[in-house]
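Dropping the structure in here first, questions after.
Lettered A, B and C in written order, each chain numbered from 1.
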Amino acid sequence: MIESLTVLYGALPYLFRGTLVTIALVAGAMGLGLVVGVNLAVGQVYGNRWLRKAIGIYIWFFRGVPLLVLLFLFYFGLFSLLGINLSAFTVAIIVLGLITAAYQSQIFRGAILSLPEGQLKAARALGMSDRKAIVLIILPQALRLSIPGWSNEYSIVLKDSAVAYALGVMEMMARAHFVASRTYEHLPLYFSAGLIFLILTYLGTKGLRVLEEKVRIPGYSR
Amino acid sequence: MGKRILWVLILLLSFTLVTGVQAADKVYVNGIDANFPPFAYVDKNGNPDGFDVKALDWIANEMGFKVTHKPMDWDGIIPSLMAKKIDIIASGMSITEKRAEQVNFSIPYWKIAQVLVAKNDCGLSVDQILSNGNKIGVQRGTSEAKWMKDNLIKKGKDFSLVEYDSAPLSVEDVVNGRIVAAAMDDAPAKDAARKKPVKIVGGFGMASEDFGYAIRKEDTELLSTIDEGLKRLMASPYWEELIEKYEP
Amino acid sequence: MAHRKTILRIEDMTKRYGSKTVLKNASLSLKEGELKILIGPSGGGKSTLLQCVNFLVKPDKGRIWLDGEEIIHSRKKELYAYRQKVGMIFQDFNLFDHLTALQNVQIALVKVKKKTKEQARTRAINELERVGLGDHIKKYPAQLSGGQKQRVSIARALAMDPKVMLLDEPTSALDPELISEVLDVIINLRLHGMTMIMSTHQIGFASELADELVFLEDGNILETGPPKKMLSDADCERTREFCSKITELYGNSF
């Protein structure tokens, strides 16, 4: 028991550095997912037939192929073939980001479709281009509605981020594994790793709830 | 709208390009499986350590090149080498025919035997362990995993394999009693026996293997540098120091 | 009267949804300061006609002139500039739910008309005061009553300095006691000479204020004429039937 705690205590700084890597991975992926996801959603709702079809294929692909396969495909395949030498960390962010973009796009799409049709009409009637109407009128409302779904997606990406070790990204879970291999204290280390994930989930969802409350439209009951 | 999405993607891509591309200097990257003590692991401070790590450091110093050690998932370590993500694998890799089709190996530097590890109070012999439908643990993707499938199970031995991410994890399950024994190289087995209530029961008929460093086929110059370095290392007193320190 | 110039001219407007033609060769012209009121049964094409006028619904056929200039709606820049000059009021207000009353009026002034924030703010406050909402500028749509919302939407349209206003049943979604506050605003607009096309079931209001009533049924403009004639002595049998029924239902005064 004492021995386990000593090992754990000694490993904490190493695990925390890994936690920062995990946070960076998740933040990067969620950010990329947001930008790409919003564009996918807008394209899917307002785009022409071909764009909608292309986005449909994108979503089908990134939701259907397992994360590990996509990581290998991009890291060893696509970027190598293109002669682009990206770090494992960057590739992990891109792949996690493109996958969550597919899921996030469906959150945003649902939110956009739930808005009354008249919002876009009123914006157009004032002489706004579709682009302006979407950026100024549709998205600010749709994004507010998307926060609960987005929060859900955050906890999924957080857990998925551990798979990035397959490319050698030294995130938190991989580090817990290394320390366990050296010290044979598997259980305490995995327990700690689980605890760190729980705390990150809590902090993230809590933060998003605060944000949701902060941007809530007064008088609007939801 | 489609054009806009394209632009955003291009922008993102170019951004990650600029930040992601690493300057091409002459530092060789050694991919290690950091779950393979005592040959490769990370120390208390998170720095790569182990018999192979220190050996390669010495060789680099001797032969005049720089090397860094990058922990990798064992499943992806050869693809990483082929895709030039790493330049060398010095991490307790057995020289096998199958692997030699893809990569070049250095001269062998360590002879390793495959053994079974069981609980201290286990009274079974090797033959008894590999029968009765017993469950045997093994690290996925290793030469012993392949050998046991091809040469024991397919030939009618009555046991089944349970595959793990690493040898230490299979040892944990031996201690838990979920599997009867685990098959692994003798060096990590000794490491486990020092740290856990397990013992080495003995070999299970697989011929001993040689460890070698793996290098891409086209990097012939690096290969001869490494071979020369290994020869010098094994002739130096530091070699004995390493063996004494890491007890492989 | 006879010398006023034509502001808006619509010719041969046709709209089909699938095999159903909801608007057939509708033609209409509007002189400066004129108020024309579209009447007719629901689904008769009133709303479609109004939305075709500013191309919120793309007509399959038809041409539109504003101040003598034809609008080609496939040219985006022209379309956006044209829509700024044509104010639209919707049945269900369509205020931007995430913006305050003030921001609702302000946003197009800043983002479309490229006014400074300060100019836009002053103008927006003026317009809101004009419709009697000076005390409510900080409120969000969800905090306003239906009548207040519709007045904000009128202020929002007026702030763009429109040459023509299109009002699509502006009081239909309102509780009866809130109708008059919106009608008062519209009367006021009329007195100030705003050119308008409006669809409504408020037949009393229509007969008092309109220069002409336009009767639409099954996508056809069946008859156009001064209110008195249309309500008591219409040429067309269908118009007479509709007008007597609607007068019975909604009364003859407002």
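As a convention for this text, a contact is a pair of C-beta atoms (placed from the backbone, for glycine too) under 8 Å apart; a residue touches a chain by one contact, two chains touch by 3 or more.
Note that the structure is a prediction, hence the values are computed from the model and not measured.
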| item | value |
| --- | --- |
| Leader among chain pairs (count of C-beta contacts) | A-B |
| Chain occupying the most central position, where position means C-alpha average | A |
| Centroid comparison with subunit A (C-alpha atoms), farthest chain | C |
| Euclidean distance of C-alpha centroids - subunit B vs subunit C, Å | 77 |
| Separation of mean Cα positions, subunit B and subunit A [Å, integer] | 32 |
| Gap in Å, rounded to a whole number, between the CA centres of subunit C and subunit A | 46 |
| Subunit A-facing residues of subunit B, complex | 1-2, 4-5, 8-9, 12, 16-17, 19-22, 31, 34-37, 41-46, 70-73, 75-76, 79-80, 82-85, 165-166, 168-169, 171-172, 192, 195-196 |
| Touching residues on subunit C, where the partner in the complex is subunit A | 51, 54, 56, 76, 80-84, 86-88, 90, 92-98, 107-108, 111-112, 139-143, 153, 156-157, 160 |
| Residue ranges of subunit A in contact with subunit C within the complex | 116, 118-119, 121-129, 132, 136-137, 140-141, 144, 217-221 |
| Residues on subunit A engaged by subunit B in the complex (per definition of touch) | 10-11, 13-14, 17, 32, 35-36, 39-40, 42-43, 46-48, 51, 54, 72, 75-76, 80, 84-88, 90, 93-94, 130-131, 165-168, 170, 174-175, 177-184, 186 |
